[in-house]
Amino acid sequence: MRTDRLETFADGVLAIAATLLILNVDTQIGEHQQDLAHRLLEIWPSYAGYAVSFITIGIIWVNHHGLMTQIERADRIFLFLNVFLLLVVAFIPFPTRLIAEHIQDDGATAAAVSYGINLTLVAVMFNLTWFYASRDARLLRPDHDPNAVKGISRSYRPAPYIYFAMTLVAFLAPVVAVLLYGGFALFWMIESSLFGRSRTQA
Amino acid sequence: MRTDRLETFADGVLAIAATLLILNVDTQIGEHQQDLAHRLLEIWPSYAGYAVSFITIGIIWVNHHGLMTQIERADRIFLFLNVFLLLVVAFIPFPTRLIAEHIQDDGATAAAVSYGINLTLVAVMFNLTWFYASRDARLLRPDHDPNAVKGISRSYRPAPYIYFAMTLVAFLAPVVAVLLYGGFALFWMIESSLFGRSRTQA
Amino acid sequence: MRTDRLETFADGVLAIAATLLILNVDTQIGEHQQDLAHRLLEIWPSYAGYAVSFITIGIIWVNHHGLMTQIERADRIFLFLNVFLLLVVAFIPFPTRLIAEHIQDDGATAAAVSYGINLTLVAVMFNLTWFYASRDARLLRPDHDPNAVKGISRSYRPAPYIYFAMTLVAFLAPVVAVLLYGGFALFWMIESSLFGRSRTQA
Amino acid sequence: MRTDRLETFADGVLAIAATLLILNVDTQIGEHQQDLAHRLLEIWPSYAGYAVSFITIGIIWVNHHGLMTQIERADRIFLFLNVFLLLVVAFIPFPTRLIAEHIQDDGATAAAVSYGINLTLVAVMFNLTWFYASRDARLLRPDHDPNAVKGISRSYRPAPYIYFAMTLVAFLAPVVAVLLYGGFALFWMIESSLFGRSRTQA
């Protein structure tokens, strides 16, 4: 099976999951809102949550893009691994809203832990998907770039542990964990922008 | 008519229907939720419903993908059969929410029956779409694989009866029916992953 | 400019507009619904509205598909005519919900008239889009089929008048108008399935 | 990296953001609306907001389309600039709803300013994305049209200043600013339709 419909479907799910995030901001404004200006400033965690999750889904999209460039064909197992990957990615808007609404109240721990578990599962599914395809070059293009393949493997492997560690932090200090989630997304984006080219072309 | 826009449209509807499922989970959390951690554990049927329906839509997508690989062109009747197929697939988020909300109360039977009817209609439409295209090789590629065509026909034909039987079970024992819906999706996915290749390549 | 991104964008908007229709059904079921079975039967107008509008958007998609097969390139005016076409198509879920909710109460006239105005505007925009592209073969493929072009023109031209007439009916007898909307969609689908091939290939 | 998946993802986000705008109109009608006809006339700012924002997103799509025709490949930085561009575009439905709901009450200033800030950020991101790609022809096609490139640069550069100025107007006279937002979208669309061809082909 060719991979083009997988890419269309994945791009669709990722685009929708990212765009639905705005509904989380929207529900923070009641229908007969008094003092709109004040309320708009008050809900700043919603904007931060929107930005971090949008960028995180953007990173997932860039990664999926990079992964697929090395892959030639898909079998059923690979398709279903992608379905599971998309299943956990499409879940992200939910804990994003929990954090935006509860970071300043009693629910902060539950919200930050949910987000951490979700992102840990995304990282696990990314690894399963990639290692299923790349193990013994099972689904790779005949002309795949061995250095790029090694580079992808090296950059994916630690992600589940990092997100799991941040989830543990969330149990003790949810605000710190949330800052780590945002910081890690930002770090990954900058690091991969600056060194991604040299790494995949090395 | 070529089939590429049909695939884009179908992938769009399937991706959106799957991604909208998260809204069902989202509405389970009220706006000023007390004891968020407890509530997040309490709504586990929502997560199960989300996962089963996401995977079911994923299976539909994989099947549609497989079906289209044997088809070369589309006529109007085939396009409208696809519109009807997508119409019933895009309906799935609704009974999914009913099950998630009502599986533990009086509405369990109505919810489980709705889901069963919906999935039965999906299976019926899949058969109508496929047999319209494959009868006398009407829309098949000149180089279609006769064994793959037979394999698809054989795997589609029992599905409406199976879902209809599960719908009947739902009238008597909704929880059992819901377990069957989930179990059947899981079984189909595993069976087709392991034997799909040998069946279509036999 | 090539037309492929126009098709992706149009397919995206059409797929989303169709899939969002299920939210109209969903809001008919309150959060703590008593007697779910009874309520599910009571809201049958929502199912009918969902089906008619989904099929109507499906017809629009098939028509857009057919129109684009004769067109080779897009200029800015054509792109913006398409944006306006999509603008009125993406509006359809709103009057669909109004009909589903109000067909049995005082709001029936307002709801049925809204739907009629919306569909009239869709038909007008389809004509503007098509006649801009086909007038003097402005954007048509060099090898376009003159009979297919004439067939499209002939089938588009009466639509705005038909929908306008049905809108006038809605002022007097909203239920009759709603039956006409559904009947016209069904008629168009069947007629074009049976005679579409011979008409475009004549 | 090739740019096709970027276009699919961008078209997906733009199509969804545009289509979600109808939800803003939808929420203006309560569940048990008395005197539906009167209410439908009363919420005319929602229709205007829907139209202006749909057209604005349409303009963004046409611009993105035009920009990508000159670009051959994408690096990581370009992909992330696009993610940020889409992040601010997908935000548009939110201030659109604020304007539609509050243009006639105390919240008008806050709503109009929010919209202005959002559109200013869109214009800034468009410039960053474009100048990153076109500076020293970094990502341009070898056969890019230097006049088209200059034309794009010339038409993008003033946009952030224009939107910033309109945002300042919003602080003093929100209704005037909202008219300017709509007028500017209309002006841009007409101007680029009439002169776009000559400018890019000059």
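In this document, chain identifiers A, B, C and D correspond to the written order of the chains, with residue numbering beginning at 1 in each.
Simple rule for what comes next: a contact is a pair of C-beta atoms (placed from the backbone, for glycine too) under 8 Å apart; a residue touches a chain by one contact, two chains touch by 3 or more.
Computed from a prediction, not measured in an experiment: that's the story for all the values here.
Although subunit A and subunit D share one sequence, what matters here is the overlap of their interface residues, and that overlap falls short of half of the numbers used. Using the mean of the Cα atoms as each chain's centre, the chain most removed from subunit B is D. Inter-chain centre distance (subunit B to subunit D, centres taken as mean C-alpha positions): 36 Å. Separation between the centroids of subunit A and subunit B, computed from CA atoms only, is 26 Å. Shared interface positions of subunit B, i.e. residues touching 2 or more other chains, are given as 8, 12, 16, 20, 23. The touching residues of subunit B, counted against subunit C in their complex, run 1, 5, 8-9, 12-13, 16-17, 20, 23, 27, 75-77, 79-80, 83-84, 86-87, 90-91, 93-94, 97-98, 101-102, 106-107, 109-111, 114.
Looking at the complex, you find that subunit B touches subunit A at residues 7-8, 11-12, 14-16, 18-23, 25-26, 29, 31, 33-37, 40, 50-51, 54-55, 58, 61-62, 65-66, 68-69, 189, 192-193, 196-197.
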